[in-house]
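The following pair of complexes shares a single chain, chain A, combined with chain B in the former and chain C in the latter.
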Partner chain A sequence: MRTKKHAMEIMVNVVSLIAGLLVVFPVLYSLGVSFMSASELSSYPPKLFPDHAIWDNYATVFSSTPVIRFMGNSFLVAAVGTLGRLITSSLAAYAFSYLEFRGKRFWFLFILATMMIPGDMLMITNYMTIADMGLIDSYSGIIAVMLVSATFMFMLRQHFLTISRDYRDAAFVDGCGDVRFYLQILLPMSMPVLSSITIASFLGLWNAYLWPLLVTNSESMRTVQVGITMLQFPEGMVYGPIMAGVTVILIPSIIVFLIFQKQLVFGVTSGGLKG
Partner chain B sequence: MKKLMLIVSALLLTVSLAACGNPSSSNQPAANTSTGTSPSGSGSTSAEPVNLTFWHAMSGTNEEVIKQVAATYNETIGKEKGITITPVFQGSYGDLMKKVRAAVQAKDFKNLPDLVQSPASDVAVMKSIPSIVWAQDLIGKDSSFQIDDLEPNAVQTFSFQNKIVGIPFANSTILLYYNKSMFADAGLDASKPPATIAELGEMAARLTDKPSKQWGFILTPELYQMSSWIGMQGGFLGNNESGRADTMTAVEFDKTGAMKNFLTEWKKAVDLGGVQTGADANVKEEFAAGKLAMFVDSTAALRGVLNSVGDKFEVGTAFYPKVNASDKGGVAVGGSALYVMDRGDQAKIDAAWDYIKYSSAPETQLIWHQGTGYFPVNRKTYDLPAMNEHLEKNPLFKTAIDQLHSSSPQVQEPMSAVNNEISTFLKEEILSFVLNKKDIDTAVSDMAAKANKALEEYNRANK
Partner chain C sequence: MERPLNVKRLVKPYLFLLPSVALIFLFNYYPLFKTFFLGFMLVDVVGNPVEFIGLDNFIAVMQDERFWTAMLNTFKFALITIPATLLISLLLSLLAEKKRRGSSIYQIMFALPMAVSMSSAALIFQLLMNPTLGMFNYLTGLQVNWFGDEKYALTGIAIVAVWMGIGFSFLFLLAALRNVPGDLLESAELDGGGYIQKLWHIKLPLISPTLFFLFTTDLIGSLMVFGPVAVITKGGPMGSTETLIYRMFIVAFENSKYGYGSAIAAVIFVIVMIFTFITFAFEKKGVHYH
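What follows is the complex of A and B.
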């Protein structure tokens, strides 16, 4: 019995290890390529890591694009957008799960229905709206359409519904109002969900491509994904600088993930209703 | 029932809200009302400074050259005339086009650029955008501009009904690249690359070594290759001179027999066993790795290929192989042109035109050619001593230029807005014939029927 369990554990570990390697392989390879010269990259058989690491590709990234500026722009957009989404979706979710008002079901379905409209379809209409507001080529223009998210609202509402109403009743008996219950009890209890939303939203906004490209016209307003295409050569095959650029812009995403992943694990293990 | 009604009404409201964009017709530009009585040039130093925006799709080292050219202009002629140009990279040609279309649809003239770079394959789209000022109109008002100096092939590429829409900016054609060392190893004469598809097939067979995954030639022909292979035989790919005399409504390669000629030659070459077709291959990588002896690609790729090959082996360039040894047409010109956009300010149009003149001047084109590998669009460039020196040092570039000069201006990519679809149909049907899934007549008539249907549908929807 014990050995069987033991064998099972080894199996799970081996499978996890293989899956992990598969996932991390492209990242490792891009890291390897970022240190290779063009001629070494195209040698046969292909190499995973260079014989002599060179820093030229990184020098190209920093000299031919204002990558620091791009990262700053992306960080601002992703941070403000994520914060906005957290605020709007948690407040809306609160209303839809705890409050009673006329047309509640209708408005809930109404918001959900927006999830069915593909974002690409709204691109031009959104552009027209932003252009009418005179926000083209501004941070506000990029962020404005990112401040709300039906998906995250839905996730939070579903989560709020799993939290027993007893918490709210008990808090209200002790003299708590809606705002205080929301801020001091509900949100802390929802940390795992809020963390996963933060990670998903931040990564999504950090990697946004088409919308930031459409609404920004000047180089200084570019976000990282748009900026990184400046390193591409339409007719060539110079992967080194691109991979170096990708590696550089990957770092903030990893940092954000590491910070909020802790919360995620902590929340999962400490959450739940006890008694 | 009530629940259903609720869902339906919520959905309806969502859709109506989403669809209700705001097509308000604010600030329409004074479209072509200005009769252009005063083309700039004289005493414009007293005029207000003009700031131009130039959207382009050149990244990497090419972008650096664009910036350098613009900076030189701003410091010299621009300073004199009070014009400052700012080039901005807007992603790939496709992304750039999306941005232009979005701004045109939103009538957001404030955020349109004054100058746009667009590739040869998109002329049909560009000519249908109302905000584009046709270069023909600008040339008509400016006697100092000599259009005869420009490469006639490139001028024809960007012309519709003999009126030029955009001024050629960067030229390229298709070219054969080959590995001289591999030719020598296989006992072939490295100074005699294949001149026809038949020779290509024979040489490729001798250069192929399947156990070590080494191929003689890799290609899955699409519209890009076929524009030259059909055009060089003398006829046009589509009717109305491939869309340049009038809107293209049908293809012609099925009636002229040009496609059948090609298919016969191509299948013979493939059947010799040295040509890989139908598989996705990164030819430039394979070539640089010494696993591929020959491939065809744009001349603009030359610099990149030389860089990645390094000193591993010697690269050769040659004319694109002919279908029949007697073909005289040569190859189609690709590349890109600059277009002027009307934002409702005549001063900006004049300034943009001034920059176009500067960018197509012989000296500018020399800098552009040396920095990027695109050909000069101005024939006067070849009169410059520096150009001759450059070509002597880089004979590989000379092959490409000689090929262009021996090509007929009538050989062009078709001017249609459904080139991508046509390209897919050609690729699929050529493959199904070569892989013995269809006989030659069925393949030709199927690809023509599909292409004609796509053309018809587009033309009906965009009258």
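What follows is the complex of A and C.
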């Protein structure tokens, strides 16, 4: 009985490992191709890894495309957008968890109801608004629509409600106001949730595609996700350098994913946000 | 001294709310209403409403064969993507459910697609499923020109979308499965219940809220699919992968028909709302909460 159970466990592990390799196969494949020469890529049968790894594709990507600039743009957009969301949503969450005011329920639902509006269907009219503001092809234009998040507001409110009100009462006795309590006591106490939100939001904005595609025109303003799909090479559609580019832009996401897995899983599963 | 303090107290909550409420009004409610408004207007090529034309835009949408094709494609896409994503991620989560030595390794592998952006995934699969260079046909023994054949292109796009979606669904289902109380499973075991009985009578009913949540988000995500279509096929070949949002994007931004595009957006919104209400009505009957 025991050996049977043991054999079963080993089998589950083997099956899982094979399934895992199948799931990550596309990523390994792009890594392999990024080190292949054009002739090796077109050989038959197709190979997963090259016989002789070459760095030429990476040299091509860095020398003849602005991929560094793209990554800088994406970093800026994701960082500022995430910071903006943290500020707006934590302020609103504070009001909903600690302050009493007229219309509290209404404003809470006013913000939450936007979770029901699919963002992409608003792109025409949001594009017009950004155009009227003269922000097409600017960082502000990309970031403006990202500065608020009902999901994060909700997550933070849920978290704030679990913190005993005694902390606030004690702080007020010591002469703290709402702003000082929020900045110096509440936010530091909420670091685990804030870091989860930061990572989930950063990854989401780093990976954003449709909106940056729409509001940027010039090559120098493109984010990495948009830029990577528009790489131009003198020889036309060449997969080697494209896969090198894909690998380069995947590295930051995968590093963040591996290091902050716990926070990310919490951020995603408790907020229920996708993509 | 008393009055200014009171005013401050009255106003303060609204100051905390102001940034969120202002941005949400500007980039959510205002564009939502404007979308419906523009749907009833003749709009010039730079986006200014010219005159009220009633239902003309909506009638034009309903009479446009390409709109119906896009709708059909979108539904077909949803019909392939949703069951496939749920089934695969359920199987993966059942594999990883029990914590074993080494299980954290394949748990990371199963979740990894979540970290891969849509455009990277689309570019990788474009090569992977390329009929002459790619490995997909070689490994599966198929002879399919995935993105070049109108019979298969939509399925090809769906395969990419399923891969992109499994990491997220897997994490949710894994969390749900690990929350199933152990004593319930033990008492079922004492009653002689095997793996399948435990899965069918205890685990699945208990994780049904999560399955339902994933079904709803997948449904909305499928109805809004745009990315892989824009990167890989641009709606082709022969319009076989043109989806609702892609159609709206082309009409508004390539043909500069903003009124017509807004009418499509309004129709998409109504469709999404109808499906959301249907799923929630269904939820009351079929899903077990504890």
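Convention: the second predicted complex is superposed on the first by the 201 of 275 C-alpha atoms of A that agree within 3 Å, B and C clash if a C-alpha of one lies under 4 Å from a C-alpha of the other, contacts with A are read in each partner's own complex, and residues count from 1 in each chain.
Just so it is clear, a contact is a pair of C-beta atoms (placed from the backbone, for glycine too) under 8 Å apart; a residue touches a chain by one contact, two chains touch by 3 or more.
The model shown is predicted, which means the values in this text are computed figures rather than measured ones.
K.L.:
Is A:142 contacted by the first partner chain B, the second partner chain C, both or neither?
P.N.:
neither
K.L.:
One more residue to check, A:156. First (chain B), second (chain C), both or neither?
P.N.:
After superposing on A, A:156 lies clear of both chain B and chain C.
K.L.:
Which of the two, chain B or chain C, is in touch with more residues of chain A?
P.N.:
C
K.L.:
Quick one: is A:36 in contact with chain B, with chain C, with both, or with neither? Answer first, second, both or neither.
P.N.:
Touch status of A:36: no partner.
K.L.:
Between chain B (first) and chain C (second), which does A:249 come into contact with in this model arrangement: first, second, both, or neither?
P.N.:
A:249 contacts chain C only, not chain B.
K.L.:
Determine, under the contact definition given at the top, whether A:109 touches first (chain B), second (chain C), both, or neither.
P.N.:
First partner only, chain B.
K.L.:
Look at A:87 in the shared chain and tell me whether it touches chain B only, chain C only, both, or neither; answer first, second, both or neither.
P.N.:
In the superposed model, A:87 contacts chain C only, not chain B.
K.L.:
Taking the superposition as given, does A:258 touch the first partner, chain B, the second, chain C, both, or neither?
P.N.:
Second partner only, chain C.
K.L.:
Could you tell me if A:193 is touching chain B, chain C, both of them or neither one (first, second, both, neither)?
P.N.:
Neither chain B nor chain C is touched by A:193.
K.L.:
Please work out whether A:67 is in contact with chain B alone, chain C alone, both, or neither, and reply first, second, both or neither.
P.N.:
neither
K.L.:
Common interface residues of chain A with chain B and chain C?
P.N.:
Common interface on chain A, chain B vs chain C: 41-42, 46, 107, 110, 114, 116-117, 121-125, 127-129, 131, 210, 213-214, 226, 229.
K.L.:
Can you list the residues on chain A that touch chain C in the complex?
P.N.:
9, 12-13, 15-17, 19-21, 23-24, 26-27, 29-30, 33, 41-42, 45-46, 48, 87-89, 91-92, 94-95, 99-101, 104, 107, 110-111, 114, 116-118, 120-129, 131, 144-145, 147-148, 150, 153, 178, 203, 206-207, 209-210, 213-214, 225-226, 228-229, 239, 242-243, 246, 249-250, 253-254, 256-258, 261, 265, 268-269, 272, 274-275
K.L.:
Would you mind writing out the residues of chain A in touch with chain B in their complex?
P.N.:
Spelled out, the residues of chain A in touch with chain B are 38-39, 41-44, 46, 64, 105-107, 109-110, 112-114, 116-117, 121-125, 127-129, 131-132, 136-137, 210, 213-214, 217-219, 226, 229-238, 241.
K.L.:
Where on chain B does chain A make contact in their complex?
P.N.:
Counting only chain B, the residues touching chain A are 6-7, 9-11, 13-15, 18-19, 21-24, 26, 53, 55, 57-64, 86, 88-92, 95, 98-99, 102-103, 105-106, 108, 110-111, 113, 172, 282, 284-285, 288-291, 297-298, 300-301, 303-305, 307-310, 312, 373.
K.L.:
Please give the residue numbers of chain C that touch chain A in the complex, ascending.
P.N.:
Those residues of chain C that touch chain A are 10, 12-14, 16-17, 19-21, 23-24, 26-32, 34-35, 38, 47, 91-92, 95-96, 98, 100, 102-103, 105-106, 108-125, 127-128, 130, 132-135, 138, 163, 166, 168, 171-172, 175, 213, 217, 220-221, 223-224, 226-227, 230-231, 245, 248-249, 252-253, 258, 261-262, 265, 268-269, 272-273, 276.
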